[in-house]
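Shared chain: chain A. Partners: chain B in the first complex, chain C in the second.
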Partner chain A sequence: MNRLSTYLLVALAAILLLLPLWANSGLVFLTGTTIIVAVFALSWNLLFGYAGLASFGSGGLFSIGAYTMAVMLRQGYEGQFLLLIVLATLAGGVVAFAIGFVALRRSTGIFLAILTLALAELLRITLAKIHWLGAEDGIPSIVRPTFSIGFATVDLSRGNSYYWFVCIACALLVGLTWWIAHGRFGRTLRTIRLDVERAAFMGVDTHRYRLVAFTISGAIAACAGALFAPWAQIVTPDIGNMMRSTQPILFTLLGGASSFWGPLIGAFLFSAIEFSTRTLVGIQEIITGGILLAVVLMFPTGVAGAWNALIAGLSARPEPAKAAPALQPVKE
Partner chain B sequence: MTIIRLSSVDKSYGSLKVLHGVDAEISEGETFAIIGPNGAGKTTLFKVMTGEIGCEAGSVEFLGKDVTRDPAYKRTRAGMGRTFQVARVFKEMTAEENLIVAVEARLQNTGKSDAPWYAVKPSSATLDEVHSILVRLSLDKKARTPASELSHGDKKRLELGITLAGRPKVLMLDEPTAGMSPSDRVGVTELIRDISGKGSGLTVVMTEHDMGVIFGLADRIMVMNQGRKIAQGSIEEIRANPVVREVYLGKEAHHA
Partner chain C sequence: MFTLVNGLTTGMAVFLVAAGLTLVFGIMRILNFAHGAFFMIGAYVASSLVGSAPRSVLALIAAAVVAALVVGVLGIVVQRFILRRIQHVDEHYMLIATFAVMLVCVGFVKLVWGLEFLSVDPPPGIDAGVEIAGLFIPSFSLFIIASGIVVFLVLDFVIHRAWAGKMITAIARDGWMAELLGINVPAGIMAAVGGSFALAGLAGGLLLPNQTLSPALGDSFLLLAFITVVIGGLGNVRGAFIAAILLGVIDGLNTMFLPAYPGVVVYFAMVAFLLLWPNGILGESRL
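Take a look at the complex of A and B:
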């Protein structure tokens, strides 16, 4: 990543952290939601941009994380909040592993897309029929927990404290995802997306790598869902509907799949567009759709791709020859 | 010692039978060429050997072990390295990155990965090895060129490098000079001879159309026609074989 992009990222992080000091609660709520779905989108692109697998049912895993959290908080386990996040994350990972174990051996591409879509819808319909989980109405009045971390008590129920908790948790998740995507594992995943057969002929167990990626992606999606439940303070079956599953796809299209940061950029741009057109009732969707279409047609590599091309154009100077080639594992 | 043994391999695509009970024994250290006219079944046989496709009957033994049911990645781990007819490299990655992932895959498969679990960048030993492969392939000046921008010949070299990074016992080359210019062809032939030279212990199995390349490299030749093995032997034996002359070398032999 070039220096300018790094500055922009740091600036964005600073704006997000300081936001509650000046913005109204509506904007803070929208921003917190955007941060969570941005991480959710990153987890999806770990599959799509790195392993080359398109899931259309990621909303289902988001939902599993959110419901796990909601139920446990309702049962009064708020004191173990951090453990609950881990538990919800594991729940997503286990479900993703089970689906991947059965599905990935036989189907990738369009079959996987349809299968995951169907499974997510099945989950949504099932959730709407379970009375213990509030059926169609879901679980309302979810508390923002207060818990102890040994030397101190953390109270997330007051003011904007949960917002900052979401910021920190999501920063950690972004860091984790970045590390997974840029290390040896991420490099190997890219070879699988680029040419699965060639990767196999390097001795890579491509099925296993895809399964692990599917599991990690599902776990992170569920973790995002778990953070979302106390944020929205209500979960309903629609939390994991098709709109939810489509979100990461749209964000990634807008931001660019070839860049790690693409989905994150896409999520914030999307929210910004929606926010600035919120008063234009009736034509909001047309404007949003129009912008998305324009970006996809004009910049096939998304905003991140266009940005990188711009930076490359500005800084195009002959580089001095180097004795040993330095390393640049992932195009940013 | 026999390193690869094929026993009465049958393979059909739908109702079309392309391999009829093919037997072959490839010895350690030799360069073994499979030739034959178009549609003879060379590439299919090659694919059955490497595990790209299965076969209906017969068996494939590698290093004395039956690998007929083993997927490609297991055969690769056991020591089979291959290239493709049309060079397959990771186009979005630079030449250097292509080799990094290949070296890392081998280290991982052999349990010799020296990078700590938390490392993002490849280890310096990996980078050193990558650099030495680049030099050997005369690609060191193009280390940071995206593979998609390499010339056809350089792509072939890079693919060979990816395969060599796996330190195979058998190098399986599917038409290594296909579609190359005559000068590239000479270069790659020399490169293969250099890699598989005496003392390297490397076994090479190749299919090839270019007779010049074959006669320059092969120790033994197997001739296929219509899914059957019709002859096998040294270059001289194959040249002298009347059946081979008729079905395959016919025209060339008369012109020569």
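Take a look at the complex of A and C:
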């Protein structure tokens, strides 16, 4: 990443952290939601951009995390909030592992897409029928917990404290994902995406790597869901509907799948578009769809790819000799 | 028996939507997310023509045909400006592009027809029921079953027996070779895609009665149609027909034995089918 992009990123992070000091509560809520779904999209792109697998059912894992959190908070375990997040994350990981274990060996591409879509829909319909989980109405009035971490008591129920908690948690998740994606594991995944056969020939257990990626991605998605439940204070079966599952896909492709930061950029751009067109019924969908189409047709590398190409072009202009190496690292 | 008829009705309704979807895939290798939205546009166009109470069965069919024409023309426009350009990119980008088309269509419907729910009654002649062997069967169900079978027979004939079908098959198998043989490939693809979209419009018109029209109509059918197409084998019209019947009957049995959990077993069945036959029961086909 170049210096200009780093400054922009730091500036954006600062704006997000200071937002509740001047914005109204509606905007704060929208931003918090965007931060959570941005991390959710990031987890999806770990699977798509790095392992080359497209899941269309990530909304199901999101709702598993959210429901786990909602039920546990309803049972009165709010004192162990941090543990609950871990528990929800594990739940998502276990379910993703089970699905990946059965599905990944048999299907990729469109079949995996449809299979995961069907599984998520199955989960949604089942959740809507279970009375213990509130059926269609879901679980309302989820508390924002108060818990102690040894030396201090953290009260997330007051004011904007839960917003900052979400910011910190999501920053940690982004960091974790960055570490996974840029380490040896992420590089191996990328090898597999580029050429499965060659990767297998070099001695990479492609199935195992994909399964691990599927599991990690599912766990992070569930973690995002777990953070979302106390934020929205209500979970309904529709939390994991088809629109939820397509959200990370839209964000990622809008932002750029080949870039680590793409899904985050896409999530914020998308929210900005939706926010600024929220009063225009009908036009909103046309604008959103039109922008997506334009991106797919004109910048297949997404906004991040276009930005990197622009930066590379600008910095290359004074020294034409260096143009070639400067253009290449569009990856990071 | 009653379950069977109900199941067949659902199955044929889904087949009407799935037929166009599987055809577009067979010709262009694009799984069209926007198909449900075009189905919905067809339904809205037809409802504007017949009003909330169509006068006769013929009026309904005529409205469906007009809807088919309108949607077919729309489909040709979409094909020319969008689908053709994304045909050779990564399949995930195709899904996104068609998803974007779907959003635009939904927005368009909201703009033109508004957000209220509309409903249309079955026309006189098929609004009552008939008694067959002591069973009361709504004649609208029979109408849908008959439409599904007729559409299937016509499609099957055109694809496997008629000259036009052979030409399209040739284009789908090897466009370059077809071009060498003097076939106008772009025109052929355009006609076939237009026809597939027209099928979506036709389905929208035919299934209009007993439906609640809302901008979310596309979604509810899209997923079932997707399932049908994938189980039947992508691009395979016969497979889609069989899969639609299977799913319909499974759904019917589901409502009979597990009335508390409507629509759940279909998904279980689908997951099972996908895991057992990942390429569909009749195999993938380039038309």
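The rule is short, and it goes like this: the second predicted complex is superposed on the first by the 318 of 332 C-alpha atoms of A that agree within 3 Å, B and C clash if a C-alpha of one lies under 4 Å from a C-alpha of the other, contacts with A are read in each partner's own complex, and residues count from 1 in each chain.
Note that in this section a contact is a pair of C-beta atoms (placed from the backbone, for glycine too) under 8 Å apart; a residue touches a chain by one contact, two chains touch by 3 or more.
Quantities reported herein were computed from a predicted structural model and do not represent experimental measurements.
Once chain A of one complex is fitted onto chain A of the other, the partner contacts of A:Asn160 are absent, as it touches neither chain B nor chain C. Shared-chain residue A:Arg187: touches chain B; no touch with chain C. In the superposition on chain A, contact of A:Ser5 is made with neither chain B nor chain C.
Of the two partner chains placed by superposition, only chain B is touched by A:Arg198; chain C is not.
Of the two partners, chain B and chain C, it is C that touches more residues of chain A. Of the two partner chains, chain B is the only one touched by A:Thr206; chain C is not.
In the overlay built on the shared chain, the residue A:Thr146 is in contact with neither chain B nor chain C.
Once both structures are placed on chain A, no chain A residue is touched by chain B and, in the other complex, by chain C.
Considering their complex, residues 50, 52, 71-73, 76-77, 81-82, 84, 88-94, 96-97, 100-102, 104-106, 108-109, 113, 115, 118-122, 127, 131, 140, 143-144, 162-163, 165-166 of chain B touch chain A. Across the complex, chain C meets chain A through its residues 31, 82, 85-86, 89, 91-93, 95-97, 99-111, 115, 219, 223, 226-227, 230, 234, 260-261, 263-264, 267-268, 270-271, 274-275, 278. Put simply, chain A touches chain B in their complex at residues 179, 182-184, 187-188, 190-191, 194-195, 197-206, 258, 324-325, 327-329, 331. Listed in rising order, the residues of chain A touching chain C in the complex are 48, 54, 102-103, 106-107, 109-111, 113-115, 117-119, 121-122, 125-126, 129, 242, 246, 249-250, 253, 281-290, 292-293, 296-297, 300.
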